[in-house]
Amino acid sequence: MNQIIDISLLNSIIRMVTPILLAALGGALCARAGLFNVGLEGMILVGAFGAVLGNYLLGNLGLAVLFAVGCVLIFSLLYGYFTIHLKANVIVVGIAINFLAMGLTTFLLSAIFHVKGAYYNKDMEGLPLWNIPILSKIPVLGEVLSGYSPIVFSAFLLVIVLHLFLYRTVAGFRFSSVGQSLIVAQSTGIKVRRYQYAAVLTCGVLCGLAGAQLSLGQVTMFAEGMTSGRGFIALVAMMLGQANPLGIMGSSLLFGLMDALSVRMQGLWLPTPFTMMLPYAVTIAAMFFFKDKSYLHGGSSSSR
Amino acid sequence: NDTKGRESAADDTKQKRVALITPEKIGVNPFFQIMDEGAKQAASTYKLEQKTLESADPNAIEENLRVAVAENYDLIITSSFQSADALKKVAAENPDKKFVIIDDVVDLPNVRSAVFREQEAAYLLGAAAGLSTKSNTVGMVVAMDIPLMKKWTSGFEQGLKAVNPKASFLVNYVGSFTDPAKAKEMALVQYSKGADFVAGASAVGDLGVFEAAKEKGFFTSGQDIDRTAIDPKHIVMSQLKSANHVVIDSIKQWVEGSFTPGVHEYGLKEDGVGLTYVTDNNPFMTQAAIEKVSQIRSDIISGKITVVNPLK
Amino acid sequence: MTTVLETRQITKIYGDFTANDGIDFSLRKGEIHAIVGENGAGKTTLMRMLYGMESPTSGDIVRHGEVKRYQSPSDAIRNGVGMVFQHFMLIPSYTVAENIVIGNEPARGIWFDRRLAARRIKALCDTYQLHVDPEQKVSECSLGIRQRIEILKVLYNGADIIILDEPTAVLTPLEVKELLVTMKRLAKQGKSMILITHKLHEVMEVADRITVLRGGKVTGVLAASSTSTAEISRLMVGRELEGVTRQDHAAGEPVLRVRSLGVEGANGKALLKNITFDVCAGEIVGVAGVSGNGQSELVQVLNGLMKADQGRVLLGGTDVTNLSVRRIRAAGLAHIPEDRYLWGASKDASIKENAMMGHYRKEGYHRLGWLKHRKLNRLVSGWVESFAVKTTSIYEQAQHLSGGNLQKLISARELGQETECLIAAEPTRGVDLGAMELIHRQLLKKRERGEAVLVISSELSEIMTLSDRILVMFEGEIVGEIRGGSVTEEEIGLLMAGGERA
Amino acid sequence: MKNWKPLLHSMIQPIVAMLCGIAAGAIVISFTGESIMEAYQELWRGAFGSLYFISSTLTRATPIILCGLGIAFAFRTGLFNMGAEGQMVLGGLAAALTALYIPGSGWVKLAVALCAGFAAGGLWSVLAAWMDMKYKVNLLISTLLMNYIATLFAGYIVSGPFKDTSGSAGLSQTSMIVQGAWLPKLVDGMSVHAGFLLAAGLTICSVLLFRYTIIGYEVKMLGQNPSFALYGGINRLKLMLFSMLASGGLAGLAGGVEVLGMQYRFVDGALTMPGYAWTALMAALLANAHPAGTAVCSVLLAALQTGAAGMERNTNIPVELSTVIQAVLILFISVKFSYSFMRRRKVRGKYESNH
């Protein structure tokens, strides 16, 4: 109680934030392509299940992660086909994808593992924890930045990669154009659909990683509905970060920090429900300061 | 959904039929899982036809109850507070049918109510933890901050303070029944605050607590059913709540013709709740502690120790 | 001269409406070919097919003697066809350079080489003598510059055929002049151009040949050197135009009085400074000025869409300064807005819903909050008829109206308010000759009824024909007030550019 | 209004989509080895098979319709209200507490409680609208986040200060409301209650409102082009606040109706677990925010859910798969096999054969 912020808190934030961050980055790409993806929750769930299933079937962690990514790719392809080709309402498809993910993972859990609720095997291996050689030697920082799964490191690396991609490369530039104005992009001969599919599929890869981190990184098991609303938080982080990778990292970390603090504040003076409100309330408060709404607009208008 | 009861349906046309209606999908909840197992077991012992109906959401409970009545099941078992209101209506409308509710009370002449004294088992768990902790700090990761869970936290705290008044007790609420990742982080937080024992009371989240224990090498305990087999080095105890026992007991009484309405309590004495622990080479509890805990158990059964029900 | 592009019996049918009906059209190398026709004649539709945005229902597009099937604009672009749209296709938050190279970006590997882009654009500017600042944000550019960016974009993509759909509609006279010079220069450099415009003097000035469309059919292909505006307009409209005449009559009492109006901009710079003028009963006052010199702000303040920081506005004796739009309208002000898609209409709504805006709260059209639909229908149908708005039904969506027809509808709506004062901002932008005459005649009728009209237009000829008095705005101030008929276009032009009156 | 042709055209699309959905669902069912016909029969029977099942479908549809009308109202104004869930929870809570603690006869309690539900939901969503207008806090995010806050707050209220102290007292719920204040059942022994009539009535009111009234017209114009509305003299601020009040209010009313017509008390989680708000959101989107369409879609989606429950009771299709079948059907219902899509295929086909 005396120390609310310590190194284990920071460790915990980074771990907890990774799935949200990854999914939010995926959501951002979709938003930039004009698709407001509320199906993130379901996609993470499929990723989480795919990772555990892959691990069980293939017995190799690397392949398990790939398997998870593959599973989510099928889902995102479905999402893309319905929204891009069949022009179905993006939000309805997103919600339906969430239902579908919930139903399928639960069904397959009992069909494949013959268990209900959760699959846990104490011999199942989780993702390895890495220490970056030189970084881990630095006194305090080293402790903060060491001992995570490769996915955690790659998530933060991806923030930089995506930032460079969106703002420095030709493809990224076109991506942004599609998000800024579909009509302009189309009139200049950009293959809009191709970019939309690319966004949706990349989002699938990222959600696959997010799920794998959740089920093989943070814990080593699959539980029905284990995403517990992380997909929606990712959606909020995406919007708050204005579909900008660095912004998303900031908003995810803000949310993570508040979430971790709310855990530590339990039992101090406020009733628990109120401490649990903290991350949501602070996120709303944060919006008083971030007002540029360029991409949010895409979200709300594409839904009509 | 298929039952053993059906297989033998051919040879006995006047077979009695039992329906079990869970208030939510059985899915994540071991409490309902063992209830289902108990029903199936009793069905095969007493040659009954049995069907389990899972309710997708609270509104489906009443629906399922009515369907069970309409399909003329002879005994209808349901459970938990979510079902109480629905059962009150349905049971009052069908006075000829027999009903059982587990874990809540419905005061009607055709309803048998079975409730648990979870606080007694929690008391034992708290006492065991209090006797064994080296750091004098123990914790519990709880699913939700709702009154029901006070039976766990309060019972645990009573037992803990009784044997070790100086020990401090940490509690964290996950806010969900299905979030092992968050439960794990909470267990890690408690560990970082010095807890060497963290009890799991967060449904599926417990698996996350177990993992944290394995990773950091502290001790933990499970819920409802015996979880120690998963990892006896760290999961050293399990607080039992034998819904299967209660289901079997209810069916047995009914089959034997001694179905009695009213409230039936299941505590340590009735074997409805209990505590199990790793018996050989328990790394957390000393033999002395184990003996002390069994002493407390008999004291509770004999009434020498009374565990306060926090909800009364 | 060689023919670079040709259509053979091209037809486009929307639902049961034939927008283009068996059109034969040809474009020669180095030629400027004007396409004229009334609103809704099918000019844009034809261009959209040439540019691959629509596929023809039947007929062929022939390029260099080869039949082409464009699946998308990118096919057309690859074939050297470029188009500048009526509504600019630019991303305002991007720089000029980014907008030009989009779709065809200079790259080093996967990286977007913005510096190379800027250099290429500099070179392009020099070749065609069209100057822009590559680093500037498009949102900060004037309409004239945006137009130039669009042309550069087309040139950058290597087009040798450039389609310009009503490029001059939004430009100031000076900008128009520059554009026409540019076009001639490009034609000399071997580019072929298709120009769509409603202004026949522009056609006569630059075009080599003219194709006239009416009702989706070609009614004539003329050589500019051997025709007259009268002939063209006869082919367009199918009848002689009468021309508008203005009777002299004395103005009455002031209706709209504006006193030392001022508005601060976001950066502390004044958008409007000390504006004072009157508009009297039975008078049309014109406001001339290069767009972006405060005319839009003036109109918005008068209407209550923008708040004034100083000064007062009096309407028929009541002080309406900074009142809500509804109160100002109720006090007797109607307003034809300058941007019909932004302010003037809802594209998704029906013609009727668009037309009843501002009327439905009037006496007789509602009771206890319920609309009297039958009366409204009659009102709107009446306008559709008297203004000859081309539509199948008043329940049709407004987005299916061509620009000119929508403008007629908006004018009808605002003239129908029958207020003692009307503000008409760019009332005939993008409107064909017949419709322009119609609107002008209605504005003059209003004047003759003894009502006040304030006309804001970047089209000097329009101001000159209509106005009793002309106010010239420059950088948010009124820099000159002239009696109508007493000056030449050159003199006003000088004032508009910030010079003193000679 | 007079054009029946577009209406007919608009009917073809959902029917085609439904058929595709049924075909896709059949594929899923065939994986379970069950008879497809039987499964669909059970699905139908569970939704509409008898008066009893029709009644439970309509009961389930009741809060969805109300919530959906609310969401559609906001959409029409151009506001994306994602906070129906929170508004519904607060509405339900307010209705329960009012019915429990104000004095008066049953009818008075009922009426005041419904008003309280409306007010609570409405004010909660007006808060979001106000933050949007005054401080440009994006409505979509704020309403989404406010769901969590509302749900947690309601959970606190019923597990703390206003907890039910009768019975085993371990429950997060309020005490039971006196019977006089319940919404009466429409048919004895069936669950459908007067709340459904309220929902149907409000649907008709919404249709009339949007078609024939000044407010309906102004809301529509504001939603389609705010600048045009401003130019025409429509008071944007007032209308937006009104719209969000109505939107949240209807969601709150949905909560109140569910509490007073079904549960007779506020039970933590009973309004969120069935996912009414999400279903309602889908209904509103599928109907493109048209009120009558929203109501029809609500009943349809509710039928899909009750039908799935029936299917799961009476066939051996696993519980989990009924969710999958539902999702697949919804996916296809959402599809817009637009004419341009079909025509384009045709045009392309022609081109290819020409080559």
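In this document, chain identifiers A, B, C and D correspond to the written order of the chains, with residue numbering beginning at 1 in each.
The definition used in the following text is that contacts are C-beta pairs under 8 Å (C-beta built on N, C-alpha and C of every residue); 3 or more make two chains touch, one makes a residue touch a chain.
Note that the structure is a prediction, hence the values are computed from the model and not measured.
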From subunit A, the most remote chain by mean C-alpha position: C
Selected interface, B-D versus A-D, where C-beta contact pairs are more numerous: A-D
Chain centre separation in whole Å, for subunit D relative to subunit A (CA means): 28
Separation of subunit B from subunit D, taking each centre as the mean of its C-alpha atoms, in whole Å: 36
Inter-centroid spacing, subunit C versus subunit B (mean Cα positions, whole Å): 76
Centre-to-centre distance between subunit D and subunit C (centres being mean Cα positions), rounded to whole Å: 45
Touching two or more other chains - residues of subunit B: 145
In subunit A, residues with contacts to at least two other chains: 106, 271, 273, 276
Junction residues of subunit D - those touching two or more other chains: 155, 159, 318
Chain pairs in mutual contact under the definition given at the outset: A-B, A-C, A-D, B-D, C-D
Residue ranges of subunit D in contact with subunit C within the complex: 1-3, 212-215, 217, 220-221, 224-225, 227-235, 347, 351, 354
Residues on subunit B engaged by subunit A in the complex (per definition of touch): 26-30, 33, 145, 170-173, 175-176, 178-182, 184-186, 188-189, 192-193, 204, 207-208, 210-211, 214, 230-231
In the complex, subunit A residues that touch subunit B: 1, 6, 8-9, 12, 15-16, 106, 116-118, 120, 122, 214, 218-221, 223-226, 228, 260, 263-264, 266-267, 271-273, 276
Residues of subunit C touching subunit D in the complex: 55, 69, 303, 305, 324-326, 328-329, 335, 337, 342-349, 353, 356-358, 360-361, 366, 369-371, 373, 393, 395
Complex contacts: residues of subunit A adjacent to subunit C: 168-174, 177, 180-181, 183-191, 294
